[in-house]
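Chain IDs A, B, C, D, E and F follow the sequence of writing; residue 1 opens each chain.
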Amino acid sequence: MSRPSGRAADALRPVTIEPGFARHAEGSALIRFGDTHVLCTASVEERTPPWLRGSGKGWVTAEYGMLPRSTHSRMGREAARGKQSGRTQEIQRLIGRSLRAAVDLTALGERSIVVDCDVLQADGGTRTASITGGYVALCQAIATLGLKRSPVFGQVAAISVGIYNGTPVLDLDYDEDSVAETDMNVVMNEAGGFIEVQGTAEGHAYRREELDAMLDLAGAGIRQLHQIQAQALAG
Amino acid sequence: MSRPSGRAADALRPVTIEPGFARHAEGSALIRFGDTHVLCTASVEERTPPWLRGSGKGWVTAEYGMLPRSTHSRMGREAARGKQSGRTQEIQRLIGRSLRAAVDLTALGERSIVVDCDVLQADGGTRTASITGGYVALCQAIATLGLKRSPVFGQVAAISVGIYNGTPVLDLDYDEDSVAETDMNVVMNEAGGFIEVQGTAEGHAYRREELDAMLDLAGAGIRQLHQIQAQALAG
Amino acid sequence: MSRPSGRAADALRPVTIEPGFARHAEGSALIRFGDTHVLCTASVEERTPPWLRGSGKGWVTAEYGMLPRSTHSRMGREAARGKQSGRTQEIQRLIGRSLRAAVDLTALGERSIVVDCDVLQADGGTRTASITGGYVALCQAIATLGLKRSPVFGQVAAISVGIYNGTPVLDLDYDEDSVAETDMNVVMNEAGGFIEVQGTAEGHAYRREELDAMLDLAGAGIRQLHQIQAQALAG
Amino acid sequence: MSRPSGRAADALRPVTIEPGFARHAEGSALIRFGDTHVLCTASVEERTPPWLRGSGKGWVTAEYGMLPRSTHSRMGREAARGKQSGRTQEIQRLIGRSLRAAVDLTALGERSIVVDCDVLQADGGTRTASITGGYVALCQAIATLGLKRSPVFGQVAAISVGIYNGTPVLDLDYDEDSVAETDMNVVMNEAGGFIEVQGTAEGHAYRREELDAMLDLAGAGIRQLHQIQAQALAG
Amino acid sequence: MSRPSGRAADALRPVTIEPGFARHAEGSALIRFGDTHVLCTASVEERTPPWLRGSGKGWVTAEYGMLPRSTHSRMGREAARGKQSGRTQEIQRLIGRSLRAAVDLTALGERSIVVDCDVLQADGGTRTASITGGYVALCQAIATLGLKRSPVFGQVAAISVGIYNGTPVLDLDYDEDSVAETDMNVVMNEAGGFIEVQGTAEGHAYRREELDAMLDLAGAGIRQLHQIQAQALAG
Amino acid sequence: MSRPSGRAADALRPVTIEPGFARHAEGSALIRFGDTHVLCTASVEERTPPWLRGSGKGWVTAEYGMLPRSTHSRMGREAARGKQSGRTQEIQRLIGRSLRAAVDLTALGERSIVVDCDVLQADGGTRTASITGGYVALCQAIATLGLKRSPVFGQVAAISVGIYNGTPVLDLDYDEDSVAETDMNVVMNEAGGFIEVQGTAEGHAYRREELDAMLDLAGAGIRQLHQIQAQALAG
């Protein structure tokens, strides 16, 4: 099997994280998975959603957007159409759930952190890049709070896997994703636990052994992403 | 371990499917997973979405809604609020993808089938009941078309699994779902292939062996649902 | 004259009311006027609209919806279109006004009751079925409040009348309604007083004696509905 | 009984119609029912709604609006709130139905006439003034079409009646309407036929003899309005 | 050069202001610039926007609308389309800014004045007529407050200028505006200071000397408008 | 006088233009005016708005957005709120008009170019940076069309000027803009002609000599921007 990208089946695209990219935000990172570029910012707000008021707990949420010409052909601007698509809402719910899985909301206290993930350029894997980069922005923002005990108790990253031409492959780019038979997004913590697994058969249903192989690939990829995140935060 | 429902860990709730419940629709089924009741209708429309026109292919799509007082406390009506929630959109996209996985859209021809899944009463598992019942309504509607070769090439059903109190359990009701540590929805075909796996850690991340145990439970549950579907369609 | 339904000019369709149909609601009823089936639920909320706060008075309001395939051909889902039609709003305003005419809002106290009328299947007369069934759900819900003095001081039911082929007829079904020259909805209390009269000429203007004949028919029909309501509430 | 307005129970407010008030519209009239002032314009458009295309039939429709400070205290502007209220939609549907009752849509041909009724100043009875003035604008606009046979086959006007302090009265102004026990709008043609009757009990249900008395008052009032319309059109 | 209107290059259209046109508003004026007629009302509200609460300051804001048939051909009603156009929002922001430039918001106290400018008939220059007439309505409304010291410290009026056929001209009507090469709106106070200058090249870019000539024309025109405003307020 | 930025009254911030920043767009540029960073992309679409179809003419339009955390404190996302603010619409209308002033739409042919200006980081002057950078993206996109005769007949750039502490200054940053007494945006072509002048008094009205001084400053600043644009396009 030969992937369109020329990568080995278990190879990530070049991944870089540029922390502190945005001047105003409490936390930020520009993350690149190859030609997929996502600007992640984390904003601290000293209030929580209504249903948490008085509970002593905080909240972490995410919003996601694509610049209209981040894509091969221009997409309509969601602000102009007056609503976010189902896909956008599904992705931002996923990012928010994934990041909350790493944070002790009680230790955070009654405040919110909003993680905005805006895709400047898209080439597949924007949601996994958003989670991986959003984690870095989130950690930066929390660090500015000067809390005695960090509410971050885990490390979260995400990667896509799929079946391309019958072979399980890691980190699909747009060309691969368009023709993959199965597309799976996996979010894991540093202990190898699963935060989220979302696998969709695009062409034919996938068998249990294919599922197992994809999860193995994902686990190895995410361990690399955890290292890149740690370096970005240490830098 | 003892489930709130008193069921064995691998036991479904009583499942019934009442086909032909709605007088006007080409296909319909009232499906009950215990106290979860969903009215599924399938409507044939002799047109396709714009991007398919002239392609010779048809389309299958789904919409999902909950009656305002299907739930323990009344929810606002989405029509009155002027938009569908992210959850609603996510669920109807899942139902649509799952049902399309069983249909040869070229054999369907240039027409659409809209499967409406409306929750009359909710007690957990509304999306899996919608997929399972929606499949029956879809098959009924397609049968009315009198096509020489049926475009339905697979059988699709769905069930939820989770980790309750440390133990993997099948088909969570509302009380169980509220406190489950992990919630996973699995859609499978009659050959045991996966159409969709969506597993979310609610409390702590789940380990690989927990994932495996949940998938085993789901597979056994879905085989029972396939039989109930077949009986409903044979009736 | 022979009606399409074969009924006598002054004959209702078979009317049944199944109280307690919905498990979660404080009050509920599935009402059937022939093939028109409406699920009515009444939800108690311990708050009132802003303009009543502090007044000591409560509120009764209604919402109305049709399942997309309750009708002969599928209608677009209002939640998906992002707004309720003028017809929907007109009907739910009518239901709300009619039910409030039977309730002493001061005796109800500072709480709201929301009556949801969702049409599962439509064959003409959905608004009159909604009022008639909504009254039963409302009474059930109020009974759960355990108030010393019931705020319900009247009994309210509704029926449609029209001129079909020159003859005044009672309780038009869809086939009759489509070709009727006049369509009138009448809401009355148990003392024969009018709560609401809405008569629209569809074909030609109706004369005073036709109006009188329609009101006579409506009065007789509503007396039967009052008995059916009373039996459902007594059951 | 003494009305707040000092008028006799069967007296209209001073009614004037100023045709041709708006320079650009094909038909227009400023109608005044006392301090209620409505600007009605009729616009001819050489197209019909989609469901009539190719049918050879035309369409008459109406839109209604109130200037934000036409009322005693300022109302929010519907354009700014992003939606028309249920009341607005109910009124414009009523105006449209009433005016269509006077027009042979086949004789009109495949074109539309949009009647806009904008309330410059409100003091009760805006919907009946809109119908009465809208009819004049509509006739003017149709006259500009130069059709051989006029599609206008009837004359339509509207008035409100109510029970004030136990007595049936004609043409309620705002002060009377606010405290009336019953409010009824009646639309009639020149032959005394009813186009629309909408009577709502505000306080207590109204009896059959009260209904009869209100209809008698309305009939007499509308005969006067028909004369005022005819003079305006003859002018 | 000969203008379509036959006016001299520096001549205003006949301008009239009819104060107190609307019965309910605290201040009102019907202003006519030739065939452009705008009804301006000013409403006092005893609250301020959230960001001013507790600041001791008040607010002046404006809303703008056109009746659907104020124009040569009918425009869609913004309330029916569910949103205000960009043009509408731009104009109402301009009117609000211009009027605030004449008012000491601290002296006004914690209350708001909403100036509604509704175009009854349009023939070019609706935004400048709105500012000029809105000022009169605003002054009337403020006078009703009985404040010891008037918060109005300046006089504001507006006019359009443009280059028509190579010549700078004052107060363009619709026919002139449609073919003008440049369109400029100027808002000035009674001391000849500029509140707002908005000049747009429609055809070719305008030179500095053309800009200067237009500003000279505008200054002279606005002095006349200030006199007409003063007479209306003195009347 | 000493500006907060320490710049001379007639000094621009450091301006850089990075053309070709976005991989997928036909034209793109990342423009920086100091800490204001705007990503401009130009997308070619082989269709025009409805009102131009069949006219042989093309169209150039612009859309504008700010990333939620481009600003000092986070702004709500317009896509999530479901509408673009009046400010956004006003700015994108200004950008579109300005760019169209440099293009012969007939020579462009029946196609559209959409220029998206997305603010990654804001520090004052985002609209003038958008116009200046958008021009570069537009020229790049048009160059890809391979037209014999370029439809670009002019060069367009924009800058802000204002009165700070009584002195006219060029290119205000956020700190200066917040306290400026007057804010003026000027769009000019390479021949020194004005495309657009928009000057707003924030504090007190500005005098004619202040206006003149601001226009002089703007002219000198724009000549520098024209050189920077030319270098970016030549590179």
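Following the convention adopted for this analysis, a contact is a pair of C-beta atoms (placed from the backbone, for glycine too) under 8 Å apart; a residue touches a chain by one contact, two chains touch by 3 or more.
Per UniProt, the chains are A, B, C, D, E, F = Ribonuclease PH.
For clarity, every value in this text was computed on a predicted model and none was experimentally measured.
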Touching chain A (Ribonuclease PH) and also chain D (Ribonuclease PH), the following chains: none
From chain B (Ribonuclease PH), the most remote chain by mean C-alpha position: E
Fraction-based call for chain B (Ribonuclease PH) against chain A (Ribonuclease PH), same above half, different below: same
Centre-to-centre distance between chain E (Ribonuclease PH) and chain A (Ribonuclease PH) (centres being mean Cα positions), rounded to whole Å: 51
Cα-centroid distance, chain C (Ribonuclease PH) relative to chain D (Ribonuclease PH), in whole angstrom: 27
Residues of chain C (Ribonuclease PH) whose C-beta touches two or more other chains: 82-83
Chain E (Ribonuclease PH) to chain D (Ribonuclease PH) touching residues, read off their complex: 22-25, 28, 35, 39, 41, 43, 45, 63, 65, 67-74, 77-80, 82-84, 88, 114, 116, 118, 120-122
Complex contacts: residues of chain D (Ribonuclease PH) adjacent to chain C (Ribonuclease PH): 83, 86-87, 89-90, 92-93, 97, 101, 154, 184, 188-189, 191-201, 204-208, 211, 215
